[in-house]
Amino acid sequence: MVQILDIPPKQADAVNCEIGPSKFCPGCGHGITLNTLGFAIDELELKERSVFGCDIGCSLLAWNFMSVDSVQTHHGRTTPVIYGITRAVPGTVGIAYMGDGGGYAIGAQHLVNAATRNEKMMVLLVNNTNYGMTGGQMAPTTLPGQKTETTPYGRDIEAHGKPFLGPEMVASITDEKLNYVARGSVNNLRQLKTFLKRALTNVADGRGFSFVEVLSLCPLNWRTNNVDTWERLKEMESFYKVGELKVPEEVKGVK
Amino acid sequence: MVNKLITEDTKLFMTGNETVAYAAVAAQADIMYGYPITPQNEVMHTWAKLLPKTGALFLQTEDEISAGFATLGGVVAGKRAFTATAGPGHVIMQDAMSMAEMMRLPAVYVVLARGGPSTATVIYSQQETTLAVFGGNGEGFRIVYSTWSNQDLYDYTIKSFNTAWKYRYPTYVLADGYQGKMREPVVCYDPASRGITMVPTDPYVRAKGRPGVDRPPCHIRNAFSVEEELLEAMEDYQKDFDRIAPEIEEYYTYKADDAEILVIAHGIVARSVVTAVDILREEGIKVGLFRPVTLRPLAVKPLREAVSRAKQVLFTESALGQLARICLEQMYGLTTPYDTYYRPGYGIVGEDIVQKVKQMQKNLVTT
Amino acid sequence: MTVKLQHKGMVFKGCGKNNEATYYLYTSMCKGCGLCIIKCPVNAKGEKCLQWSKEVGIYATPAVEPNPDLCVACGMCETICPDRAIRIEK
Amino acid sequence: MARSRIALGGEGGQGVQAIAKILVEAAYLENKNVIYIPNFGIEQRGGVSIAFSQISDDPIGEAKFAKGDIVIMLSDRALERCAQYVDPDKSIVIYDTSVCETKPTFKAKDIIGIPATKMALEDLSPRVFNMIILGVIVKATGIIQVDSCKKAIEDAFGSKFKDKPELRELNFKALEEGMNLIKSPAQV
Amino acid sequence: MVNKLITEDTKLFMTGNETVAYAAVAAQADIMYGYPITPQNEVMHTWAKLLPKTGALFLQTEDEISAGFATLGGVVAGKRAFTATAGPGHVIMQDAMSMAEMMRLPAVYVVLARGGPSTATVIYSQQETTLAVFGGNGEGFRIVYSTWSNQDLYDYTIKSFNTAWKYRYPTYVLADGYQGKMREPVVCYDPASRGITMVPTDPYVRAKGRPGVDRPPCHIRNAFSVEEELLEAMEDYQKDFDRIAPEIEEYYTYKADDAEILVIAHGIVARSVVTAVDILREEGIKVGLFRPVTLRPLAVKPLREAVSRAKQVLFTESALGQLARICLEQMYGLTTPYDTYYRPGYGIVGEDIVQKVKQMQKNLVTT
Amino acid sequence: MVQILDIPPKQADAVNCEIGPSKFCPGCGHGITLNTLGFAIDELELKERSVFGCDIGCSLLAWNFMSVDSVQTHHGRTTPVIYGITRAVPGTVGIAYMGDGGGYAIGAQHLVNAATRNEKMMVLLVNNTNYGMTGGQMAPTTLPGQKTETTPYGRDIEAHGKPFLGPEMVASITDEKLNYVARGSVNNLRQLKTFLKRALTNVADGRGFSFVEVLSLCPLNWRTNNVDTWERLKEMESFYKVGELKVPEEVKGVK
Amino acid sequence: MTVKLQHKGMVFKGCGKNNEATYYLYTSMCKGCGLCIIKCPVNAKGEKCLQWSKEVGIYATPAVEPNPDLCVACGMCETICPDRAIRIEK
Amino acid sequence: MARSRIALGGEGGQGVQAIAKILVEAAYLENKNVIYIPNFGIEQRGGVSIAFSQISDDPIGEAKFAKGDIVIMLSDRALERCAQYVDPDKSIVIYDTSVCETKPTFKAKDIIGIPATKMALEDLSPRVFNMIILGVIVKATGIIQVDSCKKAIEDAFGSKFKDKPELRELNFKALEEGMNLIKSPAQV
């Protein structure tokens, strides 16, 4: 029944068709997010103007996943590399792609300062409630009670605090007129694509810093099967509110 | 394109930090990224002040980690990008520098060494030599120029951009806070007037053409999956480095040919050695200076020859033997005895060296 | 740029309400995560539309396959698949 | 007994490291000198993963080795990457014919093909694939006793077995089936 | 007070990372601070898992900079505090390490070297030697143990706390990812059973008594106003370091006494040398190993003696000469020729060394 | 007229009486802030339990200013040193004292992560709208149009973004029930002392992370005389809202 | 801990509404910043209460001094002084 | 002419570096070889600040020097810190008697006390204190012309002088008063 297929898989033009299967684990939300990003770039015809930077974290595995110009950086350092580029070549649609560890822990100074300085770039942050690449330790986003390698008895909010509210934080230091801030989920890809398109448009228009967090899946470290993986995502959605926090008037029309 | 400020030779009386900024303009550097730290601040201040005239770009980042990585962003975008730092800033900037080393990105780093370790003092030392040459978790695939005057700062800042873009190794201009804060006359010139052509840059990202259509998309990385890939990269880099080293190596000697006592020093300390040599020569003591200008790669052959000729060697630095370590590695097998005069974080003047050499001289005579 | 990957997989014709859709499952892409199975709206109604296959994907774990009689070619599985292992042509 | 060097390579998800861990654990239970060192790519899953195990009556020096006495390859990519550990004159190579589409092209003392994946999928359960491989190694090397191996399995999965005793049977069965795939201890 | 888990000698079959955690418990370390990075993660995982039993403390910080500085907080509070890191984490942790160096804070750092520079590879290399020994903007006022087995990891992790608190220099246990991930038997023991007394700690802040009444308030700093203060501190530190070095220096030799070819290696590579020595000795080739156990301070005298006795020296490392550089500095004046076998970021096995030595041997015979 | 005085200057017991004049410039707000902190510590009798950490920045000059146990750290790193201490010795009232550069730029990752993890410590941040110690460069807090050494033509919000809203940011990621967040000013020292006492009490009670930003003075780099210095502070106050953002019920009684 | 600094300065008696307050100005502490002058509420009313002195502080710049007739001993200057150079005793 | 080495030390706020800058600028205008290097503490204000200036007809080697031909000390702390730059046989020492409460205890070729601060406060304006010192140096060294010095002052304060021409007079007056404090060029 298995045969050679002449018709290639359907994927965004902005996704590299030459690499075959991604290097992500089975069922990983990174792949879902990036496929969606690819379609968003395609629909806005931004492939040529875009530069994709990936962090160290499982996002590093995306170093050749996109067919847009891509740079792999260091853990937490994708934001400065990208604004280094967009400052040098204004008009570039810079996309800094990172995990919750890279964005909220080791790279948080870059996130908040890029936001306040209104760097004209987009940060796309994958929240999988743990450090995926290093084998599943606590991340700032780990849910209360969640077991990870460094919270083997579950995240105790008394000891480790409450999960990190990234978009809420970015919203508190940005400007409704200039900045786009949202939290999406791989549970709703149509909505996620709209969020991504709005963020990209806001950058492409030269308006300003845009931020999208994506609630994602990490079945490997969650040790979940397909059923439980989706269940876990629902738990995340009940903790982290999906939606838009800042939407400049001009991008409201983008669907 | 950045506007030239200097088209005809102009003698200016300014600080080393100002000189670096002027030289970067002369080299048509496109963009500087930086974070304040004494003693390099005035590089940034001068660069910022000149912006309306130069039309160049500047970004003050949130820390040196960002300044280092943003510089790599600038480089990847095909711009002559540079940054300047010192001390603890230099320490954490190694994060970006090691990425530059791995990806062979032609970033230019200007380092004005201050006291160390830690916050220490704000002005001067030569304690960042090891850090500049071998910092990070790598193998020192960098080119490091050590300057000793404001004129040097002008010349080598310009040169560093060409070295970086020609050979694609990150390139350092290593000076110290004395040089940064010191005021002395500099002849500023347009590099073209000296027959220096600026090596053209080219972008890694956003190059001409549509990615995936006219050209492959840029896909550059610093992480490998397996050991074999890393080994291969390192061996390649080493081979390249060895090949280009003879073109890059520079050194300077002063009355070293017939020197019985050879003083080895770099940077501003070497100037004090010159003062000492003059004083000592007047007294008939045959002293000379060997000054490595490139600390990496080191001019090994001339160094070994000079050391072989001498009866005694003296290492002197405002550090605890950081230059000496680099040299001694390459001096293995020679037997000329050596002595040291180290003043970590402290200025060394001609008189200090005069005293030290006289004492060595005495030992030489008695033994 | 002209490197072409060879793809392998299964073809299921006659999917969709009017049997007009063809369903491609690339075993050379499928990692057998099963996310699509949960997302299939027909499955969600308790029917057995998208299920584990006997064929294996690239990690030698079971791939998936639709029941063309039940599949409404809604494209949900195609959209969600992290590895672009499903293609539905109408 | 001299040192036995076993290199085991497969895809990230195949349980290569788990197999090696039980193997060396069993040898350790027999009071042998053992050292095991994993080697894996940067991907959490999906890269080639190699386990280097050494079992010896004497103290062991080097942690890794150049050539394996037994080299087991469980995928095409593993076949490619592990070829370097094969000594044309001394190594016994074992590979999974039901997964590898390519065939070994290198020279070796002996090359044995086993249909382990197929066997697991069709006759037992995909979950016990690694027990089959373990059985193959036990038999091929002949350096550890089946009983120590079972003990090590018990130690590793004890709690799971308590919940589902039938799992123990399944695992042990797979181990034995794996052993049956090899005719006699390889001459190493 | 941290609960002991091991009171009687217990042989455990575990990984190097687990071993470090068990050893830290045995040393009654109070608190670990850390940030995930392969290949050290399991140190943290094991430490975290044992907490209910040990009653110790743990904090996962937001990055290695924080882990490093929080560790200094723990030390300043008078606790046996440690952290573990690798690669790029090790690079940025130099920020804190240089503060420890300046303030002579007895922090313990466990480093499991991975490939470099930059992100490189996640498991193995010996490319962090220079960084461990001389990282930061300072002068290498650190003590660095290089281990080669899990037993070593157990022994030296315990020892490092004592060395740190006794001499008040930050202390490293430098291993590599192979050791971290490698499983081999370890005899775990209670230090007391070996006659090892844990050096008592004492707090810098929150010491007994009311500040300003019963005792002066703690006022410690790392910044000086003037050069003279820095010079004085550095000279003091150097004097102390030289004084205590003989008590700290450790090395290991294997059949080095009559070796014609002396192989110099550290860490896990030295194990491969032992394998090679055994093979070569069987063939009648007189080879021996010199393995520095303390990379800083180096056991200079034994090293020079061993080198002097040999006809040829071979440096071998999974790096491009980082150990060699440290040794060559101290070998100046000797003339035994040396060769190198470097495999940056790549495992070295006995067979590699056998081949290399045979080739050297051939040269020796023909010349 | 000048004579030897037997009566010593009036100062808090928590301030070191042995150092004489501080090392700050004439008219510096650091001294004002620290004197006020000293009185707050005195009034709460927290001297023995407190540890004071000072950043590199002009705050470094305070390394022996207080008569509480003090540690000088690195630029931006006071927060981790202090939570390193408070984690090791719970019950310690840790005070991380820093500038706006140290807190919002290079150390922002520590600030936001200490806040989310609810580290039981206090951050006291002096906002003087520039980098004082290094000679007056732009800080994240520099006001629009303000001239500094790196914005010699004035901070251009198009290029450099808008000033950093620290307390607002910290408030967005903390918990009303556990955390105290406020912005004070050296213009109103009675109020500032109350803010500091509430923050200290919140930490001493073991409730959680507390944050106070102080609008301060930097006449040296502002190049202002006494009149203009106070005028500048008024400008700051019209941009940065002075007041409390989060006040746990339990500390409301503290005056 | 018993190191005692010697303090120098000026003493102004008869400050405050009932002339009961004594005003100490430590020239060994005053850096002449003049912040206090602006904060003095009496000055603010246009009167000349706290003014530059002819005596200099530690940086050889003018210190300040109150006019005891006008000074209400409100303590504003004492509180604001960054260098603890003012002390008012009632 | 040989090299003149001038060390000038004072408190952070006294304008020591500004004085030295004008001095070397003036020498530079005379086409001499010059090098000036500041040395200051970590405090923005309040530490001791020292300026090392060298003026020479020949190229200058060392950027700093061990002993000054002229060493000027403007505060007690400067007196303490700059004593190291005084050569007992060769250095001329100048210090401000109206600020320094201690007196120099070291040996020097000549020690000259001047009441510069007092003069500035009482006769001129505290703002031109540094011009007095500059005048002192100009006269004491005799290596630069007053005119170049005035030109350098003009270059430095030109715009201020434009706004307030009376400032120019005040500054030049201070310069001259400073010169008057020294009887004749020191023998250096």
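General observations
By written order: A, B, C, D, E, F, G and H. Residues from 1 in each chain.
Just so we're on the same page, contacts are C-beta pairs under 8 Å (C-beta built on N, C-alpha and C of every residue); 3 or more make two chains touch, one makes a residue touch a chain.
Everything numeric here is computed off the predicted structure, so don't read it as measured data.
Of the chain pairs listed in A-B, A-E or E-F, the one whose interface repeats that of B-F (more than half of its contact pairs identical by residue number) is A-E.
Of all chain pairs, the one linked by the largest number of contacting C-beta pairs is B-E. Remark: chain D and chain G have CA centroids separated by 86 Å (rounded to whole angstrom). Note on chain placement: the centre of chain C and the centre of chain E lie 53 Å apart, centres being C-alpha means.
Put simply, the C-alpha centre of chain A and that of chain G have 59 angstrom between them.
Those residues of chain H in touch with two or more other chains are numbered 13, 39, 41-43, 45-47. Residue positions 21, 24-26, 56, 60, 72, 74, 105-106, 108-109, 113, 133, 135, 140, 160 of chain A each touch two or more of the other chains. Multi-chain contact residues of chain G (touching two or more other chains) are listed as 59, 61.
Per the touch definition, chain C reaches chain D in the complex via residues 56, 59-62.
Residues of chain A that touch chain E in their complex: 56, 60, 72, 74-76, 101, 105-106, 108, 131, 133-135, 137-138, 140, 149-153, 160.
For chain G in complex with chain F, the touching residues are 3, 5-11, 24, 26-29, 31-35, 37-39, 55, 58-59, 61, 78-85, 87, 89. Against chain B, in their complex, chain A makes its touches with residues 13, 16, 47-49, 51, 56, 60, 63-64, 66-74, 77, 79-89, 92, 109-110, 113.
Chain contact summary for the complex, chain A toward chain D: residues 21, 23-26, 58, 60-61, 132-133, 135, 220-221.
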